[in-house]
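Look for subunit A in each of the two complexes below; its partner is subunit B in the first and subunit C in the second.
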Partner chain A sequence: MTEEILQSDGAFAVEETPAAPTPVSKKRKSKLDRQENIVAFLFILLPIIGFCVFTIGAMAFSFIYSFQDYNMLTGESSPAGLKNYTDLFTHIIYSKNFLQSIGNTLILLISTPLSMMLGLGLAGLLRLGNIKGAKIFQVLYYLPAVSSAVAMNIVWRYIFNNEFGIINQILGVKINWLSDETLIKIAIIFKNSLNGMGGAMIMYLAGMLNIPKDYYEAADIDGAGKFRQFISITFPLITPMTFYLLITGIIGGLQSYADADVFAAGNQGAQTIVYFIWNRGINQSRYGLASAASVLLAIVIMAITLVQFKLSNKWVYEE
Partner chain B sequence: MKKGIFCVVLAGAMALGMTACGEDPALNDPNAGVGADGKVTIQFFGWGDTAEQENYQTLCNQFMEENEDIIVVYDAENASTYMTTLKNRANNLPDLFYMPDYDFLEWVANGTLMDMSPYLTDEEISQIWPEAIGEYYFDMNTMKLGKSADAGIYGLPKDLGPFTLVYNKTLLDAKIEQYGLDSDAIYAQLSATDPMTWSEFTALLKQVDPDGGADNVYGISHYELEAAVYSNDADFFNEGAVTQTITDPNFYDAVQFIVDLTTEHNVMPSADDQVSTNGYQRFKGQGCIFSFMGPWDCAEFWKTVNFDYDVVPVPYNGANPNAQSTAWVGSMGYCMPSKIKNQTKKVEAAIKLAKYLCMNEDAQRKFYELGQQVPNLITMATGEYVNDTQNILGEKNPPSRSVWVDTINGTSATDKIGGKVRARYYTYSSDWYNALTEHFGNVDMWDGAVSAKTACEGFATTFQAYLDTYQADLG
Partner chain C sequence: MEEILLEQPEQPINADKKKGGTASVGKIALRVFTYVILVLGAAILVFPYLWMLLTSFKDDYEAMSLTLVLFPTDVWHVENYKKIWTIVPLMRGVLNTLTVEVSVIVIGTFVSTLAAFSFAKLKLRAKTFWLLFLMSGMMVPYAALMMPQFRAFYALKMFDTLWPLILPGFFGNISMMFFLIQYMKGISNSFFEAAKLDGAGYMTMFLTIMFPMVKTAIAAQVIFWFIGIWNDYFAPAIYLKSDESMTLQPMMARINSNNSGGTNLPLIMAGAVLSSIPMMVIYITCQKFFIESLAISGVKG
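After this line comes the complex of A and B, so read on.
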């Protein structure tokens, strides 16, 4: 099938136009679509099964067990109503520990905005400053993000050692970082801020590279200084990165475990909610209690994430 | 469509989970595990470092050579993750596995372990330390630990290890020379048969560490709570772990003795420093003269330390006429799952392997040769192990191995040296122990902010709540 088209110079050009779909080709296309969908589905089938068994299934079982007194050794469980939930807040053995772990977890979340700020500063320096070997710095700063959390915590434990730690030696003092309940929180916040800044830096750097240069050139012409440009152009345009880092940082922080177990070696001042869950559940066979704590943690994470998404409309830049 | 697919997958996953809950009919098959060649295959699960695993594999191979109709599939993992793995496998346990004594009560009370007593003869039992086998008696009717008319034997001891005082001889000699001390007088106090009193030991520590660890070498790395409590004729709770006894003066006096080593005598690192470097690390790093060790530490010490050391009995409170030197002893058992009790062939094979590892002379000899334990066999421990009649240990430390044997053996009231099973063995769960030590730290007792009496009284109600919970767990 052909069609005559009037060109800009006044001449007519002949162009082939696609034939109208016949009932046969439509049927074939639909068959192809279906086959394609099946193949695509087969590709994602394994992760879906994994998700259902290890995430949805585990969450469902946790929810059920949180209302039961479950004995893993016998596989038997008896109804416990809301006892596990009330025990978390009232039982003489568990409540103090649980409430303290909530407080610790929230305090340790301070490292999330700190690492973001440090990452932003580094990204700004590497992007705007004319630094030689910037790539090497990027790799070095990002190194902790790809290193084993356990290995990193062991190294940091040596750095903060009360007796012969590097920090105490440099400062020429004897600060009990690892044994004091307050100081260990400061140590963890410091450690996590430094560990997390590399990841934040990479994200911010990627965000900054995506900002069109025209904006800065226009701002230059208007006489805006570097700081003004950063506040008015860079910062608003990288808010999607900030949003992503904030969401993942807070979720990760609420699920923190290695700090409490490896770095703090169970120090009460650093015991987090997930450490409480592990300790009471896996270590002490209080599965119902641990499940109740898990359910509460999941609810809190979902609520915080939901609020963050709701509020994101007001401050996150969208094209 | 999408919802339908999701539901199908979810239902499949749930069905898979539900299927796993059904009882396996093979559990009632006497020939379960028997292959076409007539050989029965059993699984054996333990823990340990590479060297220990290799040793166990060698012993399993040796066992299979002697028992050609049995195939042992040995598997092991790190001690720190072992119990988590075992709990996760609770529904499908291996045929033979390690069970630390402090977890034994929970497992046996839940009916998870098999009664092995029908397969053991009195003659076999009489060969091994009664204190060792004694840990694995349990009466399912009264739900009580210990030997009684109706009690079964739910495990065979892998070992029985006393945790006694150890000193770095090389470092001690250097200190004696440095401070011009009387070597003979000091070594006379470090007797393998005549324990020191607390006051004698404190005086000795002050002699060898007069500067309070200023040279980064302390008199002692730390002090074992149970060693002090038991050696003052005290305990954490009464028989059956029903009522707490930490408000007993003997108990808090023992705790105060430990506190004073730091706050009053300056011969032990502060609690803060003990957190950053534990006793084991400090002793290996020559940061202290005295510490504590068990027979199982020998394997590592032989490989890594370059100084001489020896063991002595733990000191006791000389001011208490009822007190005697009493170290805590720990044990690990070879246990079998109750679920396989009807799988006759498997049971017979697993029992045979457990007996081999627990009582066979060659196996026991191999264990002490590798520095893993005091032999379970009484005659071997008191004879060839102590006197090295087989020339296996040679010059290896510690020379006073008899201290460990005496600690195990000393059970009568007239014995100067004795041992007592660690407190956590008697309770359904061990979390109270951490809570107690955490409480001591929270109230700054170790720094001397409050007395041991105040600290103990402050935890008594909580501790009783723990014990009440355990009693409820036991039913």
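After this line comes the complex of A and C, so read on.
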């Protein structure tokens, strides 16, 4: 999509109209072009200023802060070299916390492939079963994606409550879903897999509906079974969706915050990288340390995005 | 944009081709199985919403009962929906949220649409560069920008005001801009050529020709943006501290953590229901927009 925007130059010009190419009109035209150029630039100026201030400027300062030590008492910063970065990995308190938050974030990413598999299964069923009311299911299944993360997390927290949560009541057990460091991860993965499967289902279904029917007819003639058809026709042809869902899922997951804050209420076992950055930076004013962590996070996410940009044309099937 | 199939074609791929369309036993079994799985999944997905709604009508004892209470016993405590407005300044939260919504969306949409018009239809030197330049911002995580922004807004005495949430929105929304560029490219240049020969200015062209033609596309984007701002939690949670400035989401999160023992659960659920209703209404009425744009983003990348 982006490539399309970049390739075709959408500018239109008066030159296409049949006007006599006299030197005078040429001169006038170049003046008009210059004028148009200026206006066009003014029209995009605000987004550029906003981007320079709120993104580039902020990013640059994050970078600078990460090499400084902020003194909370005096409110002054002093150069700290690479100390903030080394602290993240070696400091007796911070490193444990930081490394754990990386581990947590990575483990919680499992919900992305899980929701994709659930979505793929559901889309396959919808496609094969060809039932009525598929629309209603799509709308229902996508509901969590437009719901407030706070409201949903409040409800899920209640559902998983150790004493009066409905999950424990139905199972007839007293499991500490919310306070245990491992169980909380399972709870988050469970709810996020459910919440994500609707989007995956809709995308996969759209992908499947756009595969030409003759491919399957040809396979039928060759005597290929349904499973074989799925493996060698459907699956390769829906790789663009798989790729898109995986990348957006990973990028979103790496920036997860609300689960750690609202659902897990700060449980160590669910603290994510962004929670660490918020907690150390905003909450405890350890700007240098948190900035170092945020710079590392930004590098990872930018690298993933660039890889996506590069590979999406190469690996992924396109017509 | 090319046509993208969003509905089942008339002939299902496993259509029975043998005898005059009589459905085989296997096909019926598959349909039944599909229904069972989808209904089961839908039940699980809808349950949290249902539970939120049911709990909002209970009293504290029922909500925290150690045995399963599905429905409110004796009475449905409708008064929870009255009480929630008094124990938290919910109205304040709604008004604050709407203040951010309206100011950001009105100005931000104008800015984004104007920029999109420039990129799609005007002659601009180094257009590709500027487009890539702006696009690069989409890959920077908010967490990497939040601390400098926080310190800057703090120094500007904007902490605990709505400004940190409003100000960045004035400079437009890049993803909205990209979507509109794509859309505007599909509009014939002849309209603008004609207007140009008539001596119309670029702003007039934008306001009288382009804007009316892309209204629906803008509306769709505005709906997404509206829901995004309504549900936004991270930035408001960082900047807003007092009840007077609080928007809905941090307000909900705060009453929840203030009552972490489980007290006032029905009231909290009533608040959650109330704060979700406007978005649900928008989603259900515009479901076609949501499902289609999602399907398209997957197919088109």
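Everything that follows uses one rule, which is that the second predicted complex is superposed on the first by the 249 of 319 C-alpha atoms of A that agree within 3 Å, B and C clash if a C-alpha of one lies under 4 Å from a C-alpha of the other, contacts with A are read in each partner's own complex, and residues count from 1 in each chain.
Keep in mind that, in the parts below, a residue touches a chain if its C-beta (ideal position, glycine included) is under 8 Å from a C-beta of that chain, and two chains touch if they have at least 3 such contacts.
Predicted model, so just to flag it, every value in this text is computed and none were measured.
In the superposition on chain A, A:Thr90 makes contact with neither subunit B nor subunit C.
Within the superposed three-chain model, A:Ile49 lies in touch with subunit B and with subunit C [touch as defined at top]. When the two structures are aligned on the shared chain, A:Ser30 is found in touch with neither subunit B nor subunit C.
In the superposed model, A:Arg127 makes contact with subunit C only, not with subunit B. Of the two partner chains placed around the shared chain by superposition, subunit B is the only one that A:Asn176 touches, whereas subunit C remains out of contact.
Applying the stated contact rule after C-alpha superposition, one finds that A:Ser232 touches neither subunit B nor subunit C. Which of subunit B and subunit C touches more residues of subunit A: that partner is C. Of the two partner chains placed by superposition, only subunit C is touched by A:Val295; subunit B is not.
Looking at the shared chain after the overlay, A:Ser148 reaches subunit C, while subunit B stays out of its contact range.
By the touch criterion stated above, A:Ile159 is placed in contact with subunit C alone, subunit B being left untouched. Counting contacts as defined above, subunit A residues 41, 48-49, 53, 56-57, 61, 161, 163-164, 265, 282 meet subunit B in one complex and subunit C in the other.
Against subunit C, in their complex, subunit A makes its touches with residues 1-2, 4-6, 8-14, 16-17, 33, 36-37, 39-41, 43-44, 46-51, 53-59, 61-62, 65, 118, 122, 125-131, 134-135, 137-144, 146-152, 154-159, 161, 163-164, 166, 169-170, 194, 197-199, 202-207, 209-210, 213, 216, 226, 240-241, 244-245, 254-255, 257-258, 261-262, 265, 273-274, 277-278, 281-282, 287, 290-291, 294-295, 297-298, 301-302, 305-306, 312, 316. Note for the complex: subunit B touches subunit A at residues 5-6, 9-10, 12-14, 16-17, 21, 84, 87, 90-91, 106-107, 110-112, 271-273, 275-277, 429-431, 434-435, 438, 441-442, 461-462, 465-466, 469. Subunit A makes touch with subunit B in their complex at residues 41, 45, 48-49, 52-53, 56-57, 61, 71-75, 92-93, 161-165, 176, 178-180, 265-268, 279, 282-285. The touching residues of subunit C, when paired with subunit A in their complex, are 4-9, 11-14, 30-31, 33-35, 37-38, 41-42, 44-46, 48-49, 51-52, 55, 63-68, 111-112, 114-115, 117-125, 127-128, 130-135, 137-152, 168, 170-172, 174, 177-178, 181-182, 184-185, 189, 192-193, 196-197, 202, 206, 227, 230-231, 233-234, 237-238, 248-250, 252-253, 256-257, 260, 262, 265, 268-269, 272, 275-276, 279-280, 283-284, 287, 290-291, 294-301.
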